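Letters are used for the chains, namely A, B, C, D, E, F, G and H, taken in the order the chains are written, and counting of residues starts over at 1 for each.
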């Protein structure tokens, strides 16, 4: 429902064409749809500028497929993260042109044809090769939300020249997502070089005292560089979503 | 040194008016100034759009005063956080018109007269009254960087109507900083209502299993709402700085 | 043994019909039954109003079946939680009309036909779809103990209107169980709206810094709303049991 | 505003005596009052059955006094916890008959003369003498909310007969609050003996690996006895409040 | 080598029958035997009163079998803990009369025929049925070291009468091992009733905030009862060994 | 009350000289004495062989003095640990010949004149000089309970010869208490050399990643040497008490 | 590129034979090679004295094989750690004479024929047999870097004579790597005996409160012996690499 | 005692000039000296190349002064760390030419006049100004052990050019100590640039989620750069000592 439609509805109510009860029911129906096990939040696109995104982990394939098809039927862009092959298969059965990015564990449908006009570039940087699945989740999310994307992978601080030699890419970007595991030092170095927002994404890459990403998370929260904000461990989606909002402001 | 000055320097070098060695030295000198105990990063204003900010904690009053006067002399805005009265007194002796916000522990000088034109509003929200010192640190930082500020204090989730009844303030903002201690739930609720970036700042407010802000930090990192990024516990400065960069993009 | 039977026993003792030794043995026998590996606490129904409940995890199917059949034979309601299919199969071989709720991992027998009269409604609320197995464990437990149940699933704080639009359900309830993972914010919002006891159940739903439910647990313990008490992570049974006692007081 | 007053207001609106705008403003004004640093939630008494309670820790004496006087003026019962002498002095200056329980760190005014009729007894049990300040905070809270109170102090599990010999007190209670530090074992034993709700309050009493109450908290969350729910470390207020709600259901 | 043999050796040396070099080599050879991957400590029986015990976890079956056969060949009692079936099969191939207690994961050979004379009873108590594997590891260890054993299983604090009704067993024991998971409260209750050493063994039984036994461990370390000492989580062997030393003093 | 007195009491009851009610009251009275804030457990000497010990921390001086005088009046040995000077002064006013060991924070009265006959030696070993206060708490406790004591201080593993050169002291002991902070390695070395029980006491000595004794505690729990049991951080009293029970068995 | 080649390049530039642009491109090309998913750091051999080492964990077999073949083609020594059989098979298909140390999970190619001349011995010591895989990773790394290696395995502190009797090996070494799990005490004892650098490697060997190596890590960081530095849990490679650098200084 | 003196002693023994008993006593006496509360390890200079160093924290001024004077009297270099003014005053009374570095909390006496010949440079680098006290502790330690020192302070990664512009200093060093708090990223960048050992020292500088240095410690342990080893938080002494041993090999 557009804002225009809403206005018309309210005017009808004023004129008495529809009752108070009717207007309330209409509005409520718009907002969410109850599937028993899930309350799909259709209102979200209006509030957040993007429809509900499905976190597949811990949902059954059937549950995911059911929610996905409700979103898809409204012509909204479909994004489902942390999806297994089983999740995809269940979705595929109901949405023929659904696409699966296996490496990143992402299902999409209704992808935008091209980036929205007048958007700056979102640059996605990783410290190592093992951080790629998380980086790709961020990249797909940002692209689904209409942003042009650039990538700079495997440029961790142990070989700092790999990053510095590509500094023009850093300067060109409007928002930067930095994905790193282990000691999580890369966002600090990047953050010290640019004057745009840097979103740090800790990954669970590492072993021993990396504690499945806690070390990288803590390091990023304590960055001595300014302008860095942090999302949850392995949360590529969250970084891509937030970067898109920052790119819009 | 402005970019224009740099260009002129490079052209002189091309014409042979100055040697390679001279240009390198000149450039290096610009970048930082060694005080023995500190290497002041004067280059930062160019790279980051704002000069070095002094974290006073763990520095002696003399160290802070020395660094502050170097920044001040260049006419740059001075911002020093987590400052005690002792820090301020030492600074005051060298910078007559320095100002101290005791409640927030912040020292400033060379404050901007008014917000920069064409900036959106940064809204600062707190869950409780005890979160104010951190919120004020964020507010002063954002204002020092030229942003118009609005505030909405003590609207935590235990009385959700206090927040909802002021929703037009939320909608008006371009970037929102949400400051909360205890269970840190407020950013999730705010994040679910708006389509602009939300920066969550956990505070050390609480007791027992709040663990000096760890609980709030973890809650914010795990927010089910999209578009939220997080900074360190009690890091009002970091939130204000990042919000300013987001407001600029 | 009912209290009436006890009284008769004591009077017999007074009259000398049975010896002190006999009465002591009789009483002890009632209390528990030793299976070598387990000491079944038959006395519990009298003390707690509900017989011993079997936590299947870490018990062998044979152990569970053995204990279950002792409880079942006395005609007491049988409740076994965290049960695998293997546990159920072993129980089924001895108790023909045992029932298995696979989704919730619960085995029951001797279920009550209908809720006890004069009981208020216990409402079970979840933040997300992934919290359902825990919520169902709570629901089955409360129902086994004779309580009428209502449910409100997938109404997390990222879309707060899903909760608020059903507020009359909240108001109707006598006790509310709120099940949530990730940042665990929902109990605070619910707790701020009602004047009945709210039992918060953290779940292990989430990833990264959710730490298998620790974040949700800590958030709930630090809730700024009053009247909230908390049980262990994923402890749907505990919540259902406690809610039933509260519904009885 | 009572519900009756609300009804009258709505009828006036229907009759057109007051405008929609007026009714909305009236309602909002009732709900909270903005002090700049705090948004006092006057609506809470209606929603929760008890007005806002002030957590003094981290608030300045002036802030506490300001909020307290707003609550007091409305004739509502005043309860302020974790209050220092400085807090009390500031309150005393504005509320002449305010009372300070120094041992428990609690300020009250407008105490109820006697327990509400038809209420069961709330029993407060402690493991040791050092747990008393927390127990007293719970007791005062419950009494302020109109409940009859009984106490059983220093009956920890190292001398289990001290508890067992007073079992009739346990049986008489309608809700039981058990306060314990160190290994936090007492709630399990109590919970195994009764069929009413048991609220466990971990305290920071102990040293070394008690970790300021974490050990007791974890022990209580893992209790093998059913019907136990837990509140934050040292949160006597929370236990007293929840117990009162349970006593009402 | 007995102490008598040592004396004779030293006298030979004094008489010059053997050289200093020879005596040193003899002594060294006795002490340990190098297998490349392991340095078997044959001297241990003399120092500790019991030969080296093999912790199988993380050793290959071949490594375990090799070490076991060296110990077995000297006629010493063989005890190998945390052994899988694969470990046992490898041992069985070299030691025909090796025995496997699968439930407890223990391999033995050269078991003592009967308890050593003049030893007191070691009583092993468990809180629940799930604690049995750890309790059995303790029992086998203590029996292998020549101690008479008694058992009292599944008598946790949620049904305290199960323990109290068997108090004469507690009083009869010379050393008591208490095995418990979850909140680990049982050792405190037992410790408050007896005047002999109590060894508390936390187990990884539980879920959620039991953190694989950490909660039980912490609770036991903070016991308010005196005379309790603690071993590592699930360390039945350690408890059995220590109990045996205590039974000897 | 001795066991003889108890028997006489029971016989009187059988003869009808005293009523059931009277015998029950008599028995209860013996057990504990209620001070309102504390329930002194006079029965403990009978159950545990030593009267209640007062942990002064978190108790007011008045509370400690009150409890102490009750114990003292019965002629029982008085032991109060973690006592400040203020605690001692309050005790001293009521018990003239109370003694204060300031270094160890221990108050005593009614000390035994000499060790009980037929007791073995309890040896107390420390890794460093900073561990002395804890070691002394253990020593005083063990001596109060009638044990002969030996000491071996500052023999940590960084200079292992300091320990090895005094090995005859180790061999002479019947029970050994090893007190160590930092990496807590000393109990493992001692435990590998002797065949008597070793009680490991972690201390909060150290800095940084010693985490106030957690590192030492964990190291001791994971000792590769057999026969070691552990008590809480800085719990010299617990070690001394347990050692005394082990010395008695 | 050798330093000689670099010099010639710079002289060509001076003579104008090649342009500035060309020299920059040449230099950049040397430094790293982009594979899209990885930026191979060929410059590393010059900076660090050893080419990039591949951490296989979390990389796909294809990614590892691709990177490995780039390193191998340049004739540089190839070292890949934490490699599974799948990784090895993929590498083997491209590098015929690659070698797999399955026990240590290491792939190598272009191994040095013999140790570099004038190098001291690196001694690798383990506490137990289970620490061998980590020790072997260290040994292979150090050997690949041209160092002579000695080993002393299974000499943990529970049988301290096993270590002391081989003290001449300790004295002969130039750098010592000590590998230990559980309580991690061995480095302290070794560190107290020698005057060369000791690198402590905690392993994840142990159970319960060993927390996958955290206990050993913490113990080593808190060692009371001087001259000890620590690497990550199970980081045999890191220890071997650092030892090699120390052996070179 | 020099090695020469030892040889002469052994020859005397062979000639029968002194008895076995005498030689053993002489040797033992050399090794350590018992002060009751401390066992001074005089043997350490021989084993470790440097005498015992006093950690003053948790020792009384009297204890420190007593141990210091024993070391000083033998003409050995005296080094006491974490010393307060009170410690220094007590030492000063007995050792007239003792020196106190208040900023670093270090007491020295018998300092070497100049660095030992043929030693490489130890470079000490800090991320910030607040890390100086720890860096100075390292510098004094290394200088006391005869090493030439260079310093590079306040060159953290937020302004990476401050470090890179001084790269010739990095290349000149033989061993590098990197001191950093907060996110602890600097050692990774330095470690990526050099081929000498890098010792990382985490400091407790930072706030919130820096957890008193834990974040920096974890980051350093997980460094993606090779050749880095780590010491305890704030352990400047340990780094200086280890660096000196590495400089010697």
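The definition used in the following text is that a contact is a pair of C-beta atoms (placed from the backbone, for glycine too) under 8 Å apart; a residue touches a chain by one contact, two chains touch by 3 or more.
Keep in mind the model is a prediction, meaning the values are calculated, not measured.
Participant: If every chain is reduced to the average of its C-alpha atoms, which one ends up farthest from chain D?
Facilitator: Looking at centroid distances, G is the chain farthest away.
Participant: For the sequence-identical pair chain C and chain E, determine the rotation angle of the Cα superposition and round it to the nearest 5 degrees.
Facilitator: 90
Participant: For chain D versus chain E, what separation do you get between their C-alpha means, in angstrom?
Facilitator: That pair's centroid distance is 49 Å.
Participant: Please compute the C-alpha centroid of chain A, do the same for chain E, then give the distance between them in whole Å.
Facilitator: So the centroids are 54 Å from each other.
Participant: How many Å are there between the centre of chain A and the centre of chain B, using C-alpha atoms for each centre?
Facilitator: 26
Participant: Which integer distance in Å separates the CA centroid of chain E from that of chain H?
Facilitator: 42
Participant: Hey, what residues on chain B touch two or more of the other chains?
Facilitator: In chain B, the residues touching two or more other chains are 158-159, 192-193, 208-210, 214, 217, 221-222, 226, 232-233.
Participant: Identify every two-chain combination in which the chains touch.
Facilitator: Every pair of chains in contact is listed here: A-B, A-C, A-G, A-H, B-C, B-D, B-H, C-D, C-E, D-E, D-F, E-F, E-G, F-G, F-H, G-H.
Participant: Considering only the defined contacts, which chain B positions touch chain D in the complex?
Facilitator: Residues 129-130, 132, 153-155, 158-159, 161-162, 165, 205, 207-210 of chain B touch chain D in their complex.
Participant: Can you tell me which positions in chain D touch chain B when the two form their complex?
Facilitator: 28, 31-32, 36-39, 41, 43-44, 52, 55, 57-59, 63, 67, 82, 202, 204, 212-214, 217, 232-235
Participant: Show which residues of chain E lie in contact with chain D when the two form their complex.
Facilitator: By the definition above, chain E touches chain D via 127-128, 156-160, 164, 182-185, 188-189, 191-193, 206, 208-211, 214-216, 218-226.
Participant: Considering the complex alone, what residue numbers of chain E touch chain F?
Facilitator: Its residues touching chain F are 47-50, 53, 120, 174-175, 192-197, 199, 217, 221-222, 226-233, 237-239, 241-242, 245-249.
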